[in-house]
Amino acid sequence: MKGEAVTLEEIDKSFAKTAVVRNVSIAVQAGEFLSLLGPSGSGKTTLLMMIAGFETPNRGRISVGARDITFEAPNKRDVGMVFQRYALFPHMTVAQNIAFPLRMRRFGKAEARDRVDAMLATVQLEGFANRLPQQLSGGQQQRVALARALVAEPPVLLMDEPLSALDKKLRETLQIEIKRIQKRLAVTVVYVTHDQEEALTMSDRIAVMAEGELMQIGAPADLYHRPTNAFVAGFIGKMNFLDGEYLGQDGGEAVVRLTQTATIKGPVSIAPAAVGQRLTVAIRPEDLNVTPREGSSSQGLAGTVEAALFVGAVYIVLVAIEERPGKVFEARLPAAGGAQPFVAGDRVNITFEPHALRVFVNQKRQAA
Amino acid sequence: MSPDAEFALATRQVEEGGEGLLLLPRRRRSLSNFLTSTVAGFFLFLILLFLVLPIIVIFPMSFGSASYLEFPPRGLTLNWYRQYLSDPDWRAATFFSVKIALATTFSATMVGTLAAIAFARGKFLGKSLFQALTLSPMIIPHIVIAVAVFIAFSPLNLSGNFFGFLIAHTMLAVPYVVLTVVAALERFDTTLELAALNCGAGRIRAFFSVVLPNIRVGVASGAVFAFLASFDEATVAFFLSGVEGKTITRKMFEDIDFNLTPVIAAVSVVLTVISLIVMGVLQAFNRATVSAQR
Amino acid sequence: MTTPMRIGKFAGRAAASMTSSPSWRQYPLGVSVFLIAPLCLLLGFGFVYPVGRLLGQSFFAPEFGLDNYRRLLETPLYLRVLARTVFVALAVMSASLVLGYPVALAMARLRRGLSNLVMACVLLPLWTSALVRSYAWIVILQRRGLVNDVLLASGVISQPIKLIYTEGAVILAMTHVLVPFMILPVFGAIRAIQPELVQAARNLGAGKTTVFAKVLLPLSLPGIFAGCLMTFILALGFYVTPALVGGPSSLLMATLIGQQTTETLDWGFAGALSTVLLCVTLLIVLLFRKALSYNRGISNVA
């Protein structure tokens, strides 16, 4: 078995005149682990359903390798799928469940048995062949679902939030296991999740979706360090946002007024159209410096510490921005010394390196 | 609202077991409480007696030796059963009824299951109207249906005829099948069907290997209700029976009116026992399925 | 979702225009039509055509006009039969409620073994043919039947009294036949009441009577309603029991329609009587269907 590329071209899909997927194009490479990440209602599951063939797009083309499967019946696509709640057949044993795709493909009895045994070994369920699904734990059911999806060696495996019903610990074990199996079989995986941590740890690339549109696609580190819009910036990892006003260019950098007293310079992702336009400035918590403020010395943004929390490797300091009532920045400071750096009520300045800033224009929405 | 749906609900709920007691409290009780619950229990007993006694009465009667109906019987005999079994009229009527009931069970289960799938999964114009029409034979007075079918079928030589009965009884039995199968399909998780498609099964394969095994209790219940709806049916059978094609219920009807012999008690016992066996088998099947899936 | 669905394979070719986008979650229109076709044939030939023909006959037999209905309205006997039918149905409904409610309550709230026993007592008659049960009542109520025997033996009466072929006998036997249709919906409604509600009421100091009046009874109303509707409708058009247990003095609509069909062969008049019975039934169903579903909605929330 070898993974094949999955190509989505300009896909549109609407249900009862409500657009749920809008002009999405994604090229998944052969053998790649790609996650579709987004909040509920972002259209990621609908996209997966269209690859599986349960829904068909109103516009666009879906292909696997060189095969156009846009309107192919789901049973002819040769695309494995793991469903959210496993969807194991309750009236069949584990072995019968796993053998089902082979039965449909008219495999010989002996070969089917060998393949089922091999698959049971792969998902570490050797002794469970004759159990019924409801006699298994959630994690075990999940492994059976994975085995059933892979037994016919499809070039593509689709997974629809397969771990969402499991507890955190089991989820982490299975993440590693799924990744291991995927690497070994070199199958192309399209993985739907709303859990950004899961997407970051498992994926080669992540496609971030919101409101039916593809917001950005890239490697996890790319999305984290180089988000191209405020939504991705906020959705992947923690991000502080502040509104600002564009004052003009200065040496290739944008000059942005954040508050009455604070003006900053920073690289611009998309050049604003006009001076005076509203912008969003974003900065990661670990890129913030917090220093005590004495007297009226004003440097960066003036704020008051609301809370300082020790969380192991770092301190999380929550700072209320004085000139923006209600706005609280989160800073992560190394907890090297061990001594608590701030207490609630401390007056502080927040400063940062200009290159750590992201400036976004025209964003549709922000993730919190 | 349908009796069988309510029944299914009722049995399921009883299986889950009861909790507190209202009429007969478990804990320490005062004298007044004791009196209240004793009186309540007595009335309950009387009502239950009212429900059960008329059916129990026919059993000793069918074994009584007197040629007129007497209770309690003085001597015991199997004479009435012997008479029933040796009378060619009774035998023909029984055979005719069983034949119709089995054929009705088959056709109502087929037609009703197909329609139930369309009702549960399809989307088409006038679906709710169709559903209402399908269920209306349960609500419309059977006397109206009986007279209507009799008048319409007579000129077509369908009265007193196997096929006439098959059509009429299937129409009466189909609502039970549709109700139970639609209920089963609504409980069925449709992702299982998608999973089957994804595994490479076509629509028809997916139905037979995944959907049908998971709704089989509903289909079986529908089939049993269909059997009883035909076998115990008396109103349409009364009008549609002819001199040749006569059901057991029509024969009973006539004999009750003309000569009230204990043979009828024997036939009643036979009918009741068949009903109880059929329902018992269904219950056992349901229970086996439920426990297998636990 | 209202766009016509086609089978995926064919849709592939047809979808060049990009207007239809079939979903495999639903069956395509063609499949639905195929699935429902046998039922349509069956209902068309076995139900719609005969009933339509019977209703039509009331206007056309023996000749076109409203003569059949005029005759019905102008003959006091027939109006009395209609009134008696409604009265008997109401009586059966009320008796079913009075007898059925305690049974449903016991079934829902007794401990498991006892409630199973009560359940068996309800299901036994439900699974027995109405014909057999009517026959049993004849045996019980006839001149030399069980009731007269007991009364004679105990000296309450010196002569057998006439019990059978009376209106009372009809109501009694029909109640016996129909009471399970009252018990089961009421039982369902009481079972649906969360036990916490009853416990909470008891904890707040409510006595048994108060719990019943303020919690159980109001919350079981939807079941009562469904049961009443069901028993009333079935009683209106019941044929077997009144035909066997009833006499000439207790003629009901159903028996009258039967007589007109098989004895006087006046199919036009039988059609008119059927139309009236049908209209009364449908009117009640339509009137109360909304209230019924509304009540059920409330019971689901509670």
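Here the chain labels run A, B and C in written order, and each chain numbers its own residues starting at 1.
The definition used in the following text is that a contact is a pair of C-beta atoms (placed from the backbone, for glycine too) under 8 Å apart; a residue touches a chain by one contact, two chains touch by 3 or more.
All values derive from a computational prediction rather than experimental measurement.
Steps from chain B to chain C, minimised over paths through touching chains, total 1.
The interface with the greater count of contacting C-beta pairs, when A-B is set against A-C, is A-B. Separation between the centroids of chain B and chain C, computed from CA atoms only, is 15 Å.
Centres computed as Cα averages put chain A at a distance of 57 Å from chain C.
Counting only residues that touch two or more partner chains, chain A has 53-54, 73-74.
Counting partner chains per residue, chain B has residues 194, 197 touching two or more of them.
Residue numbers of chain C whose C-beta contacts span two or more other chains: 1-2, 24-25. By the touch rule above, chain B contacts chain A in their complex via residues 189, 191-192, 194-202, 205-206, 209-210, 213-214, 292-294.
Every residue of chain B that touches chain C in the complex is listed here, in rising order: 1, 3, 6-7, 9-11, 13-14, 17-24, 26, 36, 40, 43-44, 47-48, 50-55, 57-58, 61, 68-71, 110-112, 114-115, 117-119, 121-124, 130, 133-134, 136-137, 139-153, 167-168, 170-171, 174, 190, 194, 197, 203, 228, 232, 234-235, 238-239, 249, 252-253, 256-257, 260, 264-265, 268, 271-272, 275-276, 279.
Note for the complex: chain C touches chain B at residues 1-2, 5, 24-27, 29, 31-33, 35-36, 38-40, 42-43, 45-51, 53-54, 57, 99, 102-103, 105-112, 114-116, 118-119, 121-140, 142, 144-146, 149, 176, 179-181, 184-185, 187-188, 191, 195, 198-199, 208, 211-212, 216, 226, 229-230, 233, 236-240, 243-244, 253-254, 257-258, 261-262, 267, 270, 274, 277-278, 281-282, 285, 292. Note for the complex: chain A touches chain C at residues 13, 15-16, 53-59, 70-74. Of all the residues in chain A, the ones that touch chain B in their complex are 52-54, 73-81, 83-85, 87-91, 100-101, 104-105, 132, 134, 148-149, 152.
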